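Just below sit the structures, each encoded as structure tokens.
The following pair of complexes shares a single chain, chain A, combined with chain B in the former and chain C in the latter.
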Partner chain A sequence: MKKMLLTGVLLALSSAGAVKVGVLLPLSGASSVSGQAARNGYLLALDEINKAGGVLGKPLELEFADDGSSPAKAVPEFVKLVTVDRVDFMAGGVSSATSIAISGPAKQYNTFMAWIGAAAVPVEDAFADHRYFFHYHPWSYYNFEAILGYFNTLKTQKKARNIAIAYEDGPFGSAGIGDTVAAFKKAGFNVVMTEKFKTGSGNFGPLISKAKAARPDIFYWVGYDTDALPLATEIKQQNLQVGLVYGTPPSWPVGFEKNQLADNIAGLSLWLPSSPQAESRKFVAAYRKKFGNVTEEYFAPLAYVNLKTLAAAINQAGGTDKDKVAAALAGTNTPTPFGPLTFSKSNKTQYQGFKAGNWLHFQFQGEGRVPVYPIKFAQKPMVWNK
Partner chain B sequence: MSRVIEATRTVSRRPDFTGRAFVPLALFFLLALAFPFLPLGARAEYLLQIAFFTVVAGVLALSWDILARSGQVSLAHAAFYGLGAYGFALLSKAVPWFLAMPLAALIAGLVSLILGAVTMRLSGMYFAIATLAFTEVVRTVIQNLPESVAGGANGLLVPALLGGNARAQYFLALAVLLLTALVSLAVRFTRLHHAFAAIRQGEETARVLGVSIVRYKLLAFFISSFLAALGGVLFAGKTFFINPLETFSLANSIAPLTTSIFGGLYTTLGPILGATVLRVAEEILHNYIKNGYLVVYGLVLMLSILWLPRGLMGLFRKGKRGGEL
Partner chain C sequence: MDLFFQTLLNGLLQSGIYALVASGLALAVGVVGIVNFAHGEFLMIGAFLAWGLSTYLGVDPLLSLPLAAASVFAVGALTYRVSIRHVLLAPELNQMLLTFGLGILLQNLALMLLGGNTRTVTTTYQGSSISLGELSVGGPKLIAFGFAVAILAGLYAVLYRTTLGRQMRAVAQNRRGSQLIGINVDRVYLIAFGVSCGLAAVAGVLVAVLLFASPTVGLVFALKAFAIIVMAGLGNLTGVLWASVVLGVSEALVQTYVPGGGGWSDAVFFLLIFATLVFRSFRGAR
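The block that comes next holds the complex of A and B.
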């Protein structure tokens, strides 16, 4: 009995004064795949941080909350973390809509935010004047910058000039499509087709016929995972002669890489388990050891990097003073699974982590995703089908 | 004048038109009014946020119920809710919020007259499908407006209502709920009740009784969509951001429907109570069952509807008609 009491007292004492980080993630709802992946990343980082002595000499504590991928749930959960659970710092954040919804309370409580997701530009507007907003994920305009950079390389190396664009008619595909077309034209490409489609309809026959007539060098599609297989099937059936099929769905269908139809289709990712960086290999090994498998969701390493760098900044600051931690985090310069992480200004925010240069371009080759660009990270040469 | 007197006489003969019938509703509003002042300690701010969204859910559910009383089971509530949100976001660039709010609701109300006129001859499933399609049409139109106007598919930022003051926002939402409840009571205890009920039970019979189907159906649409749009304004002004996909989502049409059924159809207190119980239950489940709480929530909802076919209000009903407030 005495032993139990003593253990209890010791545990209570060890956690007293511990630094608490609130983590707001979509653990249910539309964005839950990314949210659950991020949760694993945080848990892995927490293990490593606490094994290495914790933060400010105490075990770091995480308080998870589920925003349900909904602004109406995110606001109360955020306020609960800040006012009831009294967390010292906030991390997490995947969806743009939920992130904007909490921008009000975040400013009201002057909350320190180390934010991993929410790439839409309105989020940048919402947090433009927030002193303690550290954004890790590239903003959406960096995504396009990365794609344009890759296509420019194809223009030089493969004489690719003609681009056919197929985009889904929802917000994901349609957002900024006019700017996309204008940017391609400005970069010297001929946009030979711009066609919208209904995601999930599965009927790509007319669209591919039109693309065939337009004779593009690059077929660029912006849609969801459900469109990948029907589109690939139609391209094969109609024998569309194109140098590269390039897609940017938020995630690819499970097992897509094992389907022969996926061969040579290219895409974009912030990270791949096969990424060659030493930090990535370390992360994959640690993740496999803890969870018994490997994830392909880049939100897992992103969350991992997020917590590790935040913990390091608190330790460096020697306390939880927000200004000191912000100064320490702003000075971060560390290798990560995505490449080196430093913070610099974006268009509107003060502390932006990863940018266009961190995106990897991959191609499905032989039952896997193989990085093909930037050249320094390429593991195999890109297959150009023309 | 004689019509009014006749209506009053009819109503006054009803057993539930007594002061006692108003007690639960008055108690609810008194409690809701006192809520921000309760000694809730550290949880006060958090619970106030929950209360805000509960009140908005109540506004939506009750406004949907008013339309349902005329026999029109609509799936266009998301359209009016979204029109309110977008109307407010755009109008508040030009006029103060207290003008932008009713104007946005008025626009939604006027648009609803178009839908009401088009779907006048439809009923049941055909009506529901038409209203669902209407929501999609409105969403597509908003999404295809120039990005500089309505933000396109990206969505747009909305100015915070009342400077983002959570307590003031809550009282504003409560005022909108009170307005909705008063409108609902007005519908319940005037000739509108009989007209709506007659239409719901059979348009031919209603026509024979001299009820103007067109006028009352359109009026139901206007009232319901005006109030739903106010709910949209509250939501947009609270979350600072709207986009077509989420604002016009089917969930925003289905939630008021299930909430009203759960609380008790064709009543004023039912949808409000339904929204409160569902939101509180969801929050409790969410806090205690971290994984899979939605499964439990869904099961609770299903069982409640099976065991309480007249909703929560069925628990309070004495006999056939009592307590139908």
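The block that comes next holds the complex of A and C.
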């Protein structure tokens, strides 16, 4: 009895004063594939951090909250983590809409944000004057820079000139659409269709009919994983003759690669399990050991890198003082599954992690994602359907 | 001109799914007299059943239709027995709160048990289509439309050609009177509510083939089903198909011909509800 009591007291003492990190993720709703992948990445990183002695000599604690992919749910969850659970730092964040919604409370409580997702420029605007905002994911203009580079290659090699664009009408799809169209035109492409759609509606018949009438070489869509299969189905059913279907959802539906309708659909990813970097191979091995499988979602390694670098910065700062941790995190220069991570200025924020050069372009071929561009990472030639 | 006809065809095919979802809801409203806000969640159960049977047992979703219909009929009947029957004589607000709560409960149970991921099924006929010159008719949507027509015709036949159907219509018209002539009203309600849920599951199976299964997949369709039964007139089964066609084709026309129409298409059902209610009140005033 005494022994049990002593163990309990020791456990209580060991967790008192432990560093707590709040993790706000879309564990349900439209962005849940990314959110679930990120959760696994955080859990793996937590295991490794605590096995290596924790943070500031105590086990690191994570408090997960589900934002439901909904701004209305994200705000109270965020405020609860900060005010009730009294977390020291906030991590997570996938969707742009939820990140914009919490920008007000984040500034009100002067919260330290180590943020993995939210690529839309309005998020950058919202956090431009927040001194503790560290953004790991490339902003949408970096994504677009990578896409434009790939499409320029297709223009040269495949004579691709006409692009049809379909985009979801939330901040993720619509925020930069004007700039996207202008940039395509400036690069010498004809934008033959620009249509918005309601994500998750699954009603793409009229949109594909319009695309068919516009006769594009490339069909480019910006939406979420829920849109992938209905779009692919409609493209096949209406026999849309197009060289390449290229999508940029933050994640793809579970099992999409096994569906024959996914064949030859292309997209971009920060990472694939086949990425050759040593850090990537280590991550894949550790992930497989913990979860028994391997994910293809880059939000898993991104979350892993996010927590590992935050924990390292807290240890380096020797406490939870936000200025000291920010200075330590700003000085990060570490190898990751995506390549080296350093923070530098973006257009509007102080601390931006990954940029355009980190993106890979892949195509669903057979039952998996095969890197097809940049050429130095390509494992198979790209399939052009025209 | 091809674009116009393809748009009409797209709308017509989309209306099949809408009609399938709305037919069950119309039965619950028309016979039991309850507005079931959990209807979309019964659809979600059907979608997950199709996904589960397909993923783990390799059963084609279309073959899983009878099982999904029967098992969700049972879930619906149990739901009626445990909860719905106790509020049938209560104020309408209480009824709505109960079914709304049921919907939240079922959605969150799905989240707990299955997580929030989007699940898809793979079939050989998902991308199939029939070409009519330059026009294209999607196979699964054609199947859904065929099911909708068959189910509505079957429901109509049951309601007007069978004893159970006559009992349902009698109960819908006058509960007390039906009791007085010896109809077991409680049993009729149980069957009608169960069938309503079973029909939602049938729609859910087809939604899993056409789109995906997720805890929230029912919401979009349930909202549209409400618009349809308002347009058709509460409890009017024959009007459901026409109202579904009006909604599906209107959405398709807006998506194709209104600039930025893809973002406006979800407003169409609100507009149709508004227009229907204004028209009805105007006609009533005369």
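Assume the second predicted complex is superposed on the first by the 261 of 386 C-alpha atoms of A that agree within 3 Å, B and C clash if a C-alpha of one lies under 4 Å from a C-alpha of the other, contacts with A are read in each partner's own complex, and residues count from 1 in each chain.
The rule we apply is simple: contacts are C-beta pairs under 8 Å (C-beta built on N, C-alpha and C of every residue); 3 or more make two chains touch, one makes a residue touch a chain.
Owing to the predicted nature of the structure, the values given are computational and were not obtained by experimental measurement.
Of the two partner chains placed around the shared chain by superposition, chain B and chain C are both touched by A:S28.
In the superposition on chain A, contact of A:P230 is made with chain C only, not with chain B.
Within the superposed three-chain model, A:K198 lies in touch with chain C and out of touch with chain B [touch as defined at top]. Applying the stated contact rule after C-alpha superposition, one finds that A:P71 touches chain B and leaves chain C untouched. Looking at the shared chain after the overlay, A:A266 reaches neither chain B nor chain C. Once the two complexes are laid over each other on the shared chain, residue contacts for A:A120 go to chain B alone; chain C is not touched.
Look at A:V222: by the touch rule set out above, it reaches neither chain B nor chain C.
Touch criterion met: A:G176 reaches chain B, while chain C stays clear of it. By the touch criterion stated above, A:L207 is placed in contact with chain C alone, chain B being left untouched.
The intersection of chain A residues touching chain B with those touching chain C, taken from the two complexes, comprises 27-28, 66.
Within the complex formed with chain A, the residues of chain B that make contact are 42-46, 49-50, 53, 56, 143, 147, 151-157, 160, 164, 166, 235, 238-241, 243-246, 283, 286, 290-291, 293-294. Against chain B, the residues of chain A that register as touching in their complex are 27-28, 64, 66, 68, 71-73, 75-76, 79-80, 83-84, 86, 96-97, 100-101, 103-105, 107-108, 120-122, 125-126, 170-176, 178. Of all residues in chain C, only 2-3, 6-7, 10-11, 13-14, 55, 111, 115-120, 122, 126-129, 131, 136, 138-141, 207, 210-212, 214-216, 220, 251-252, 255-256, 260-263, 265-266 touch chain A in the complex they form. Residue ranges of chain A in contact with chain C, taken from their complex: 26-29, 32-33, 35-36, 66, 166, 169, 195-198, 200-203, 205-207, 209-210, 212-213, 225-226, 229-230, 232-234, 236-239, 253-256, 258-261.
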